[in-house]
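Notes follow the structure.
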Amino acid sequence: MSTRPPELIRARPVPRPSLWVAAAIVLVLVAMLVHGLLTNENYRWDVVGQYLFDPRVLSGVGWTLILTVAAMLLGIIMAVLTAVMRMGTNPVLRGVAWVYIWFFRGTPVYTQLVFWGLIGVLYPRLSLGIPFGPEFFVFNTYDVINATVAAILGLGLNEGAYLSEIVRSGLNSVDKGQWEASTALGMKRSTTLRRIIIPQAMRVIVPPTGNETISMLKTTSLVLAVPFSLELQFVTNAIGNKEFLPLPLLIVAGIWYLFITSILMVGQARLEAYYGKGFDDESPSKPAKGMSKRQQAILAAGTVKADPNLEVTP
Amino acid sequence: MSTRPPELIRARPVPRPSLWVAAAIVLVLVAMLVHGLLTNENYRWDVVGQYLFDPRVLSGVGWTLILTVAAMLLGIIMAVLTAVMRMGTNPVLRGVAWVYIWFFRGTPVYTQLVFWGLIGVLYPRLSLGIPFGPEFFVFNTYDVINATVAAILGLGLNEGAYLSEIVRSGLNSVDKGQWEASTALGMKRSTTLRRIIIPQAMRVIVPPTGNETISMLKTTSLVLAVPFSLELQFVTNAIGNKEFLPLPLLIVAGIWYLFITSILMVGQARLEAYYGKGFDDESPSKPAKGMSKRQQAILAAGTVKADPNLEVTP
Amino acid sequence: TDSASTASDTASASDSTDLSYDVSGVAKVDDIAAMLPDAVAEKGTLVVGASTDYAPAEFRADDLNTAIGYDVDLAKAIGNVLGLEAEVQDGEFASLIPAIGSKYDVGISSFTITPERLENANMISYINVGSSYAVKAGNPQAFDPESVCGQTIAVQTGTYQEEELATFSDDCTAAGDEAIEVLSYARQSDATTNVVGGKAVAFYADSTVAGYAASLTNGQLEITGGIRDAAEQGIVVNKDDMELAKAVQAATQSLMDDGTWGKILDAWGVEDAALSTAELNPKA
Amino acid sequence: MVEVQGVHKLFGDLHVLKGIDLTVQRGEVTVLLGPSGSGKSTLIRCINELEQISSGRLYVDGELMGLREKNGVLHRLSDKEIAHQRSKIGMVFQRFNLFPHMTALENVIEAQRQVLKRSKSDAEARAREELVKVGLADRMDHYPAQLSGGQQQRVAMARALAMDPQLMLFDEPTSALDPELVGEVLNVMKDLADSGMTMIVVTHEVGFAREVADQVVFMDDGVIVERGTAAEVIDNPQQDRTKDFFAKVL
Amino acid sequence: MVEVQGVHKLFGDLHVLKGIDLTVQRGEVTVLLGPSGSGKSTLIRCINELEQISSGRLYVDGELMGLREKNGVLHRLSDKEIAHQRSKIGMVFQRFNLFPHMTALENVIEAQRQVLKRSKSDAEARAREELVKVGLADRMDHYPAQLSGGQQQRVAMARALAMDPQLMLFDEPTSALDPELVGEVLNVMKDLADSGMTMIVVTHEVGFAREVADQVVFMDDGVIVERGTAAEVIDNPQQDRTKDFFAKVL
């Protein structure tokens, strides 16, 4: 039996003039756009360059990243909690989870942030104790919920409502057979979730969560409602305001957002490759580089049905 | 053969005290929250009531809805266009679609809206003609792109970048066998897309699009960047500002958003039922009421794999 | 309370290279300090809320952290008279107003006094600021402040001038003329930029703000038509805290009487704006 | 061992089991045959309490399944009690349902640790033993995706057997396998039957039924049409429906 | 009718077809047999240009598939030309692949309208004719989901036949069907063979091969191991691999 084919077919591809026409048009348009961007003096590229690495801007970038990460972490915790509550049998907890999602999705995050910022005004003291009964600990609200905490709470709780549905859809995507097999073996719901379902659901949950992170990056700019005034958009606005040069400073912020988004998108693409490869076409394709054996195994088994690598709004 | 079982089993359910404890705790907390909401005088419910149906507020609601619908329509058009471009074989068009998505997802929509508002300053004249060659039509930019148009363009183009991935994932979710069958029958790519793939992909595309609509509702408040000053959030802020009563007017806006969101959520649940029933559990369940025979048939055939009813951020 | 995480800052503007008037010479007046409610007196600080994006009244120094401006100097001076340390904290309008009386003791942030507002807050008048139109240098479009109908005019959202323009516009349409196209921006700097950029013919703002903006845009803008119908601005105190309102009123009055207030405004290049009586809830 | 008495099952309005009576003796192998949709899967899922029956009574090892009668009133058992009843019954599914993120060995260890609370070393020793029995001594550290269908199905059997079941249920254990691989799974099942395990098997493999079944049950449309030995039901059916079915399948 | 000359197919580094030579005469029925993964599906997908071959030549009806030789240089055909070549070849898939949003009739009409540009009435008349032939006169207005697997597969055959193919390819057309439903599809295929259609059929149904095949081809691991009549290959194989395979399957 021959091991290598004698001569591979090397054929000329079909000529496609429309491709070149399209390419030409696009290149001209891009050239015009870039030309316009560079020469239009409204953009003041000198100012952009001057402020791009301003220490205040850099600190703004840092705070934006901190808020993004912290809010996403809180969001994920809330999301897993409520997703499990919604899948459970306890109608009260299901109701609570539903109301949480309804309320936080239904109201603008800006309004929510205003309220978190005002929480100390509305409820000056927080107490831990029996409702209508004795209180064990009493805090001055503003001691506990300072601006940073309020910003993270506001963003995180809002995000949790959106992530909750992602987590739920991830849990639902795991083949029912997996539930049945563990049930038939006598495993409890919680054990099944922890040991069997969640490890497999990660494939579906992680990519859109990456997406949400990209959105969150830009949503952080709303924390000026708290008011929290150290993140990127606020800082660049404040400088632009002061110098009467809002446009170049918007560009400074835009460049940073685009830069971080690009990094996150690369990360997301990696994650999608890690979790999703081999699902799109049914052929046994090469697993993504560096994928753990465990992950390859989940993938190859195809017990997770959906591949909802949906992108999500900011 | 017996047609009805002689006696249905009517057994007492397992007592679950934890359920009642949870219910009690939740009820107390809800009672406290409602009590706090009603009695905390910062909320000024009298003012809320007074402005809830103020004609300016109602007109704001109207404009918000108009913006939402128009931006979603533009977004859907852009999304289908770019999703098809990305799935195609022309590398230039694929590149353009990718850059579009990268840029519009990567920069904050607020910044985009600022630029759309300033487009007339940046490019005072729009011309239709051969690049670097003669111009056939020349417009004064502000005649074409007024505030409403700028707001819709800004929101719609941003949304298109997010929806694009939803559409793409919908198209990908259709069983590869459908592509192969039409290819084997000699059908062209475009015919296959139009006649075979898109009708089936709707099941996956429509629910998250409903979601995006819910998000868009609240994103419209960012059009103050254009500036466009007729939508709900702007109007209530302006009134709150004027009267020194920002909190009750935020609540007015919040109630309206929550109300419209609730309606949209009902609509979305209907859509999901319409498109998604019978997928979650593999049993042949009853199709949703009012579902067309055609839709039932797509469903029952199960040629669309994913059920990514993912919720999406605002 | 809020630590380094917000842009709040204590009255340390004098260390900054930014413009300011040194009020450290203003001494405590015991009679007036005695009028303070016990809670505030015991606290030892006067927390002042301000929306620090309105130069030159209240805005941020170069470090983006320190609040400066003539309102800020006034706040510090009032603090000195009352024997308190004034602390200016930033807040967006929506989070500023409801928090006066709890998070903030008073609000000093160029609030124009209107009858509607007086229904919901105590206000103490301290400055009389007119309105001015600013146009591109040389007024290339020959904007005439006396015939504004059909013009495109930028304004900052929520300002007194926004309301005024709405009224002018109504007058125009009532007279069968074209309405004014009002571009309402969230920030004054956006309004300014759009006049420089040519989207709007003019912007309409507090005369102080317009003058300051014109001076900062390197001669690209000029004031046209002079200072127009002036309106009083006031310090905001919670409706239910008459005691504090009266103490602040007395303190402000004493600063007017000893000339400090006039000197502060002089230092910021804002002349003729100082009021000579600080009136509590004036009938505007 | 298994007593099914007048069991009905309704899914909403759909009447799927219409009064099933069936007895399976300890050590006996029962093969369920019948056309698609006749309710075979539903019946064995009811025995395992994966579905709740709508009417009738079901006993396994003398114990009433899923219910307790106290003072003439029926009470549902708690999840924990049901899990306990279930742990006596092993089940092998048509689609294997191995845990894809665990190796063959881990698959067999998992429930022993979580449900029977066996020590790590005990569970592992037992798992190795069962995997050797099904002929997978050299595949223990492979993930399911690295195993052929027949090997996966044998892991699934080892996983069930490690729980010391008194009854094994099989729902079309070979119908998802390539024709070449069917044999290896049927062989393990034969060995198991020979070892005296009580088994209920849904299958279309008529050869297996002939060779191993003590009792063959033919179901159609939610009722048992005919039952008896393989020779009676398969080779000499009395009912028209049964004759018709075997005419087509054989 | 079909000439496969030294065809190799690589998926990346995976060498799936390793030099296949095969001739199918007009009117002949060829049955492909072989274990899973041996390359049977890949071979018929190459014939239909659903996959591009890596090496060798493939002729259908004397025409070189997918390529044109001009001045000694190979050029790929455009999508349009390939679609035209394809329209002469009908294909029936294991999983039917009917269009779920169209009725049986619409399924058969669609490609006639879009590809052959037949008029609406012509296409409908032809569709009815083909559906009657496969015995579905009374099921034309049903959606695929309302049809049994056997009925769906027959619609798929009608859909392919309405395009006037000169060659029909079948990839395991009965392996997704319940045992009871296999017969009806095989019967239609037998009729088709009797009518003189050239057919290449991948199937595990040895009975069908015996009855209908003019040529039986046994593949393993990307090569043709043995070929001949059914009597030769199935009942009296020469190669060990072939013997082994039929020993297990029969």
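As written, the chain order gives the labels A, B, C, D and E, with residue 1 at the start of each chain.
Here is the rule we use: a residue touches a chain if its C-beta (ideal position, glycine included) is under 8 Å from a C-beta of that chain, and two chains touch if they have at least 3 such contacts.
Predicted model only: the values in this text are computed from it and were never measured.
Chemist: In the chain contact graph, what is the shortest path length, in steps, from chain B to chain D?
Modeler: Minimal hop count between chain B and chain D: 1.
Chemist: Return the chain pair with more inter-chain C-beta contacts, choosing between A-E and B-E.
Modeler: Answer by contact count: B-E.
Chemist: What is the chain whose Cα centroid lies farthest from the Cα centroid of chain E?
Modeler: C
Chemist: Can you give the whole-Å distance between the Cα centres of chain A and chain D?
Modeler: That pair's centroid distance is 44 Å.
Chemist: Determine the centre-to-centre distance between chain A and chain B, using the mean Cα coordinates as centres, and give it in whole Å.
Modeler: Here the centre of chain B sits 17 Å away from the centre of chain A.
Chemist: Could you please state the distance in Å, as a whole number, between where the Cα atoms of chain C are centred and where those of chain D are centred?
Modeler: For chain C versus chain D, the centre distance works out to 81 Å.
Chemist: How many angstrom lie between the CA centroids of chain D and chain E, rounded to a whole number?
Modeler: About 38 Å separates the centre of chain D from that of chain E.
Chemist: For chain B, which residues are shared contacts with two or more other chains?
Modeler: In chain B, residues 42, 114, 118, 121-122, 246-247, 250 touch at least two other chains, as defined above.
Chemist: Tell me, which residues of chain C touch at least two other chains?
Modeler: Expected reply: 94-95, 98, 190, 197.
Chemist: Which parts of chain D, given as residue numbers and ranges, touch two or more other chains?
Modeler: Residues 79 of chain D each touch two or more of the other chains.
Chemist: Which two-chain combinations touch?
Modeler: The complete list of chain pairs in contact reads A-B, A-C, A-D, A-E, B-C, B-D, B-E, D-E.
Chemist: Going by the contact rule set out above, which residues of chain D touch chain E in the complex?
Modeler: Going through chain D, the ones touching chain E are 35-36, 178-180, 183, 204, 245, 248-249.
Chemist: Contact residues on chain A for chain E in the complex?
Modeler: So the residues of chain A touching chain E come out as 1-14, 283, 286.
Chemist: For the complex, give me every residue of chain A touching chain D.
Modeler: Spelled out, the residues of chain A in touch with chain D are 175, 177-178, 180-189, 191, 195-196, 199-200, 293-301, 303.
Chemist: Per the contact definition, I'd like the list of chain C residues that touch chain B in the complex.
Modeler: Spelled out, the residues of chain C in touch with chain B are 93-95, 97-98, 114, 116-117, 119-121, 157-158, 162-163, 182-186, 190, 194, 197-199, 236.
Chemist: Which positions of chain A touch chain B when the two form their complex?
Modeler: Touch list, chain A to chain B: 16, 18-19, 22-23, 26, 28-29, 32, 36, 40, 42-43, 90-93, 95-96, 102-103, 105-111, 114-115, 118, 121-123, 131-132, 158-159, 162, 164-166, 169, 172-173, 176, 204, 208, 212, 214-216, 218-219, 221, 233, 246-247, 250, 253-254, 257-258, 261-262, 265, 280-282, 305-314.
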